[in-house]
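Below, subunit A partners subunit B and then partners subunit C, in two separate complexes.
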Partner chain A sequence: MAYYVLTLAVYVVVGIIACWGLNLQFGDTGVLNFAYILFVAAGAYTASILSLGHPNASSYQHYFWGAHLPWPIPWLAAAVVGGLLGLLVGLLVLRRLRGDYQAMVLLVVSIMGSYIVSADPGFLNGGVGLALIPQPFKGVLHLSQVGYEVFYLALAVLAAVAVFEVVRRINASPLGRVLRAVRENEAAAAAVGHNVAAVKLLVMVIGGAIAALAGAIEVQFIAAWAPAGWDYTETFGLFAAVIVGGRGNLGGVALGALLVQGLFLEGTVLLPNIGNPALIGAIQWMSLGALILIFLYFRPQGVLPERRRTYSSDITTGRNRLASPLAALTNRSARG
Partner chain B sequence: MAEQLTETPAKSTAVPAEPEVDRVAGPAILRVVDLKVHFGAVRAVDGVSFEVETGTAVGLIGPNGAGKSTALKAIGGETSPTSGQVVFDGTDLAGRPSHVAARAGMIRTFQLGGEFARLTVMENLLVAVPRQRGKSIWGALGGRKWWGAEDAAEVRRAREILARLELRDKENEYASDLSGGQRKLVEIGRALMARPKMLLLDEPMAGVNRSLARHIEAALSALRDDGLTLLLVEHELGSVERLCDRVLVMAQGRQIASGHMGQLRSRQEVLDAYLGGR
Partner chain C sequence: MNSLISSLGFGIVTASILLPAAVGFTLQFSATGVLNIAFGAQMTFAAYIAFICTQAGLNIWLALLLAGVFGAVFSALLNRFLLTPFARRGTTFFGMVVVTIALALLIEYLVEIIWGTMSVNYKMTGTGVVHLGAMSFTHSQLVVMAIGLVIAVATHSLLKYTRIGKAIRAVASNTELARSSGIPAQRITDTAWLISGLMGGVAGVMLGISLSSVSYTMGDTFLIEIIAAAVLGGVGQVYGAMLGALAIGVLLEESAIVLGGAYAPISAFAVLILVLLVRPTGIMAGAAEAKGIA
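Right, the complex of A and B next:
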């Protein structure tokens, strides 16, 4: 039971990190990055090949290049690769296309990415994927399985705290205001001097780096990674978490990740087998779709809506403050 | 519309009367040369040329479909002109995106829906502050110690502007919760936060009740008197007459007349354009 709970906890922490990155793009800036899972996958593959060592021709798994680097280099390198991928995809997609077309192209990019990796077995071991990915400090610590899971959970939480601090600082800053302005009205944001394409490119890079870090944490925990695990539909699971929790609210997004990734998707796995074995998986996605629809119709702001930012009348301190969580729930403002 | 053109505009105590003498005009801050915006066979703007002198208010009027808003969009960078020059403060901005025009000091407001709906009134204003420390990624990551004091100064400035626009008590309201007229005022306040050299105003009084329209007019009049340059597209001709030093009349994409509003009222080509006679 402890093993199961700890495994679930690591998944939830990874989900929270990924959702904070997606929230920066979608919740704060309004970028519909339907290729988000591609960035998670890029991080996972990067961490994998930087942990596995050089590829061996006689091995059952083939990949184009590898190294055996100590933690945290695979995680940091994954974040860098995710950011660079964000830059590349952003340059291709964001500069010339309108928002809804951007979303369509990003979805296509996600599908293309999966096919490219699956089609070439020599690139990242094709559809079979990579396995036996070394886990950080596993051979050094000599812990029990549960003990190692506790240790890994602590590493994941540490990464989550770092990511939280990054997104919190962005969110609270004048840059965060610009992101929200772009989300609300691109033409008006441009009319007061903001380069909308550059702003979106920035969140593609930062969000991409965060997504890739989440992928790196996940892959070194489960020690395997294959295209079936990062199908484009996975992106919608992350979108569901952000929508349900409350886009633009970091606490809400974390709650959404817990509810959707931890309880909702896991809950459907626990359903008894009925009919065709594939039915449970189908029910899982149908339920997720229904959940998104229900929230978009009846509570589009999510469980914990984005908080209203008010400014203290004592501005000599330079501090603005947020409405209380209760006020956020009831859509009232705490006046400064 | 023709009736509006010929009737004597109602005066209000809330709005300053039309100035009897021209304000001292500086050199041209905006020079539009042979501006054309064609959409296929449609010549929305077809060779418009004019200048706007520093510190003056210029009105752009004409019947629906005359090309006024398209011209304003092309000047402000939202639409790329087919040809022509838009020389602002010595730099040709034709075809440059609107954020470049804004950074040069030419700030545009919108006919409809120009607010950031789910941002508070205060945030709407603060978004427009140029070159703020906390607006770069490194500045943002530096935290409040890095940008807080500067931001606090901008909050104070925003409050002064809101007080001037009589919106001080609305600073914590979402822009979406305001009336149409109040949103237009927020847009004007936001434009002022950008420290503009010139405002491009697209029908700032359209769809606004009479009381708020007069309030907006009074605010624009005060800005004009402070020396801010205005280029204004507006259908409310009484307001145009009271606000503008000079008026350009457009019809079917072309500039057909210019001068003081009082002179234009009697011009046959202007009456024809409003009556659809052209």
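Right, the complex of A and C next:
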């Protein structure tokens, strides 16, 4: 039981990290990244090949290149690869395409990614996926199974705290204000001199790095990774968590990840078996769909809504509480 | 060379299925501004309705018609009772996308619960083969192609020559202006969803016939090709969607021959992304604007 709870806890922490990255893009900036799971996968594959060691011709699994590097290098490298992929995809998709095209092309990119990996068995072991990925310090620590789970959970929580600090600081900074301005009114944000495309590109890079880190943590825990595990529908599960929890609110997003990832998708395993496992899976996904609909209709702001931000007056005086002319502008245009 | 020509035949068959689907998808977008991710799931649902009909002993083409009617009614009901209330609440464009994602999950897994994960196939009487040069088609493929052609012509006539088609175009290009000129916008968008649902339903059954199997993930997988065709043609552009369907259908089958089956979708999508980098609003954007056809 302790083992099960700990496993679930690691999944939830991974889910929370991934949802914070998604929230930076979707909740704060309004970028609808339907390829989000691709970045998680990129991180997972990076961490895998950087811990598996050189590919062995006689091995049952094939991958194009590998190294055996100590923790935390696979995690950090995963974040770098995720960021670079964010830059690449962002440059491809965000610069010239309209918002609705962006969303659709990202969905296509996500599927292309899984087709590419599945099509070439020599690249990342194709549709079968990579397995037996070494876990950090597993051989050095000589812990019991539960003991190692506690250790790994601590590593994951450490990463989550780091990610939290990054997204919290972005949110509190002037950059955070720019992100929200882009979300609320792109034209107004551009009119006061912000480079909307550059801002979106930036959140693609940072969000991509966070997603990849989540993937790296997940893969070194479960020790296997295959295209079936990062189907594009997985992205929607993360979106559901962000919507239910409360987009734009870090605590809310974490709560959403806990609810959706933990209780909803994993927790039903604890329920009595009511039929064939495929049926349970189908009911889970249907409930997820219903949950999204109910929340978007009755409480679109989520369980914990985004905090109303007010700014002390350091530019204007008198009754205007909005310090930044940008905030004043977006606020006015939102009302009008 | 021969294999390229024969795969051109397959490409035209794929394009004939893609055409009603992409036109339906893009019509929903132009009439209501909703990117309907659930479109593939609706196709699957209709394909299974046709399966029930064939199980009951109906002819496959009659089943196709009934599934089309089911798709039309289902789609219009979705628009009226699910999407319109969300739109009234002021759900944003992105919010609506997420709504349709949730809807897609609901429909797809409902289908899985009802019919299971095993694929089924239509009972069809034996079909002969017709040779046209290097290309060869089964009788059912010929009918599928004919249906695609009929739908293309019918869509064109509907939008161009009928009052309802003109009203759809008016609502698509400016809903407020259309409403103030006396066009009942809600009824028109319902009609647009009815028509696009019909196309989606028919396309779902055509896909089932062409693949000779129906599975619960069928429409969802095909959705990516629909999106590619619609985006290539310029989202909301009906004629663009037709051209996009033809291009994507032929590209998919030809690249399967040149590069091997596994790489076919990759190359088709790579072409899509390249085209969008050169023409970010699709191949038909300029032409459609000039003619005022949304």
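In the analysis below, the second predicted complex is superposed on the first by the 299 of 336 C-alpha atoms of A that agree within 3 Å, B and C clash if a C-alpha of one lies under 4 Å from a C-alpha of the other, contacts with A are read in each partner's own complex, and residues count from 1 in each chain.
Here is the rule we go by: contacts are C-beta pairs under 8 Å (C-beta built on N, C-alpha and C of every residue); 3 or more make two chains touch, one makes a residue touch a chain.
Predicted model only: the values in this text are computed from it and were never measured.
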Which superposed partner A:239 touches (first subunit B, second subunit C, both, neither): second
Subunit B versus subunit C as contact partner of A:143, first or second or both or neither: neither
Subunit B versus subunit C as contact partner of A:189, first or second or both or neither: first
Partner chain in contact with A:112 - subunit B first, subunit C second, else both or neither: second
Subunit B versus subunit C as contact partner of A:101, first or second or both or neither: second
First, second, both or neither for A:177, with subunit B first and subunit C second: first
Contact set on subunit B toward subunit A in their complex: 76-78, 97-99, 102-103, 107-110, 113-120, 122-123, 126-130, 132-137, 139-144, 147-149, 151-152, 155-156, 171-172, 174, 187, 190-191, 193-194
Subunit A to subunit C touching residues, read off their complex: 26, 30, 32, 92, 96-101, 103-105, 107-109, 111-112, 115-116, 118-120, 233, 236, 239-240, 243, 278-279, 281-283, 285-286, 288-293, 296-297, 300
List of subunit C residues in touch with subunit A within their complex: 29, 35, 82, 85-86, 89, 91, 93-95, 97-99, 101-106, 108-110, 112-113, 116-117, 224, 227-228, 230-231, 235, 262-263, 265-266, 269-270, 272-273, 276-277, 280-281
Subunit A residues within the subunit B interface of the complex: 166, 169-170, 172-178, 180-181, 184-185, 187-196, 202, 206, 306, 308-311, 315-320, 333, 335-336
